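All remarks here apply to the structure that follows.
Order of writing sets the chain letters: A, B, C and D. Residues in each chain are counted from 1.
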Amino acid sequence: MYKPERLAAFCDGVIAIAITLLVLGLEVPSAGKVPEKELGEYLRSAIHPMMGFITSFILIGTYWLAHYVIFHHIKAVDRIFIGLNGVFLLLVSFIPFPTGIQASYRDDHYAFLFYAIIQFACSVSLLCIWNYATSHRRLVDDRLPDDSIRKIRHRILLPLLICVVAIVASFVNLNIGRLIFLLIPVLYFVQPGMDQLWGSESQAKS
Amino acid sequence: MYKPERLAAFCDGVIAIAITLLVLGLEVPSAGKVPEKELGEYLRSAIHPMMGFITSFILIGTYWLAHYVIFHHIKAVDRIFIGLNGVFLLLVSFIPFPTGIQASYRDDHYAFLFYAIIQFACSVSLLCIWNYATSHRRLVDDRLPDDSIRKIRHRILLPLLICVVAIVASFVNLNIGRLIFLLIPVLYFVQPGMDQLWGSESQAKS
Amino acid sequence: MYKPERLAAFCDGVIAIAITLLVLGLEVPSAGKVPEKELGEYLRSAIHPMMGFITSFILIGTYWLAHYVIFHHIKAVDRIFIGLNGVFLLLVSFIPFPTGIQASYRDDHYAFLFYAIIQFACSVSLLCIWNYATSHRRLVDDRLPDDSIRKIRHRILLPLLICVVAIVASFVNLNIGRLIFLLIPVLYFVQPGMDQLWGSESQAKS
Amino acid sequence: MYKPERLAAFCDGVIAIAITLLVLGLEVPSAGKVPEKELGEYLRSAIHPMMGFITSFILIGTYWLAHYVIFHHIKAVDRIFIGLNGVFLLLVSFIPFPTGIQASYRDDHYAFLFYAIIQFACSVSLLCIWNYATSHRRLVDDRLPDDSIRKIRHRILLPLLICVVAIVASFVNLNIGRLIFLLIPVLYFVQPGMDQLWGSESQAKS
């Protein structure tokens, strides 16, 4: 059993880079020649990529937050735990690709589904990490209350459920599907239920 | 309430990556074929991107410095604080895009305004972080003197005010607007008033 | 003799960035114009790059894991050790290039060999790091048992042997060579012998 | 006076990213179409970029090493010290650009001079950092012997002198100038005088 600190730092590094690389998906016209399009027209054509940038930024931010809360409670790591983290990092670092595909094929439903399924898989991998770590309190403190374990699981489930809702909604209208992802920060920071959730965990810690 | 260390490290990671990715905005001719332009002509056409690189580097460096000072005083983080940090990171990691736009559309006033407004928003988000953390000394030490809080606020306000001055000046001349951003390090490091500001904080800490 | 912590953190940084930059090898059609290919056709042409992304991700992840275990036992660093680490980082940060070459020249045996030899060299450099650090217990604890040293060496040898097998197999069939790399996580996480290896080290530490 | 740890970590982050971004200067043919060139011809045209990659990697690695040794002795940081570090980071994160220019304009002496002057400036900025920190033992331990200060200065001067030699040699032959940079690791790790230098520092610390 190794100490989790360096693994946490490595994961943070990968997540921080993945979230910052998203901006490279926003193309800039070559500075060496006169741009082909007017600025206004250019920025209009960049709206879809920018929306994708913001959505993926929020989603990766949400995963980081869940990962931060998970590692707050992890006391040791083992082989399987490291492997599950590897799958999670593989998925997160892959996100810039479906983000770009979805912005290029903006009217293609399959491009959206590709994007949403990768996001769904990120949440599932986080759920596996937490379930593995907490089943029989394998890698967490023995005294961590059931209630806290359940609440953190609910928090991980939130973006997962939103993915499902977004996928369903996208069959009605692609843009509604896209907008549903933006509900995540609203639900995290506005809903009183969420507030209570965070609060009770804090009490459990202090 | 979680400990702020890992959040600080994650923010540092995102800022460090954003500041280093700026160099990717400087295009290099393909090494696989004979370059179209002479080197001198090429470097002349790269002056605007290089100026943008330096300006954005200085501005992001300034934000990092303010963030470093803020986290020096933060004792705990909560939900809203993390959300405000998320907005700040979203804006900082977005900077390479307006930097590139401004270099491509170098004669377009709107491109400059787009750039300056994003920089303005970065400072505003830092101000929100500091105001939220210090109002009723929510996330800082109870003994942190009012004077220190006010002085750090002034430091955050400095790049914000320079953005406003640069925007106003750009209506007179675009290049003057651009040059005004370069005043930031001059004001930080040369002005005696600034020196005193940093000094008195140090005394408050030691 | 300097403390190893900052060197470990720097190596982690480089490895984390190299592993995340792999995604930039997956091209995305420009969002500013109508894509030339249908999405299905596009994704089919992206299968080779995606396979390369996954393979390189797994391999770099494996190197990180070995590096993590090595530094877990390092008590001090010296000049030669830093130099060997430098060679290792040079090779790891170079990986995105042969990964891209292999995806572009997918039917060219030499492109595969170029890729496999770089991976082979990464493992060899890790082996040199571990052998240098442990010969006469130069940079590790005097009490570290011979058994642990040998077991960690075996773990580093695993990807190295797989490279050799993949190179040999590629003379029969290029795709079999490629698939053999994917055995690494299977062998790490499924084989009972590996489990025991990890277990006994843990006992040695606790 | 703030604690230097977070500044050191931020600098490490920027240097680690700059060193890893170098690989993006190595172009890969698009995976979506049949490559224009044969693999052999392609790799031959990539020799100059690869040499540039290796040279810049070694140089940035050398700067990191000097920075690591400097921060090993720093006890506190101040405004000017942070500013000097900012200049150093600006120069280091800029390196991928002259590296690319030099690979594209491989027969142009000015491209080489541009490259060498940026490298020279990196060393000069490191020298300023160390001189500022140690003059009157401003930011280092009062008991740090003069001898250690001088030896670390000599170490920083080594790449600086090699830049000068490389620039002079490039007037004779451009490729000799390029090869001289590769002397740095040789001098660091082979010369007995360097060994002694590192050794005596170690004694000063232990």
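In this section, contacts are C-beta pairs under 8 Å (C-beta built on N, C-alpha and C of every residue); 3 or more make two chains touch, one makes a residue touch a chain.
It should be emphasised that the depicted structure is a prediction, and the values quoted were computed from it without experimental measurement.
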Problem set entry | Contacts common to subunit B and subunit D (chain labels) | none
Exercise. If every chain is reduced to the average of its C-alpha atoms, which one ends up farthest from subunit D?
Worked result: A
Problem set entry | subunit C against subunit A, contact positions shared by both copies (same if over half, else different) | different
Exercise. At what distance in angstrom does the C-alpha mean of subunit D lie from that of subunit A?
Worked result: 36
For this session: Please report how many Å separate the Cα centroid of subunit C from that of subunit D, as a whole number.
Result: 25
Exercise. Of all the residues in subunit D, which ones touch at least 2 other chains?
Worked result: 9, 13, 17, 21, 24, 42
Exercise. Among the chains present, which pairs are found to touch?
Worked result: A-B, A-C, B-D, C-D
Problem set entry | List of subunit D residues in touch with subunit C within their complex | 8-9, 12-13, 15-17, 19-24, 26, 28-32, 35, 39-40, 42-43, 50, 53-54, 57-58, 61, 64-65, 68-69, 71-72, 185, 188-189, 195, 198, 202, 205-206
Exercise. Once bound in the complex, which stretches of subunit C touch subunit D?
Worked result: 1-2, 6-7, 9-10, 13-14, 17-18, 21, 24-25, 27, 37, 42, 45-46, 48-49, 78-80, 82-83, 86, 89-90, 93-97, 100-101, 103-106, 108, 110-111, 114
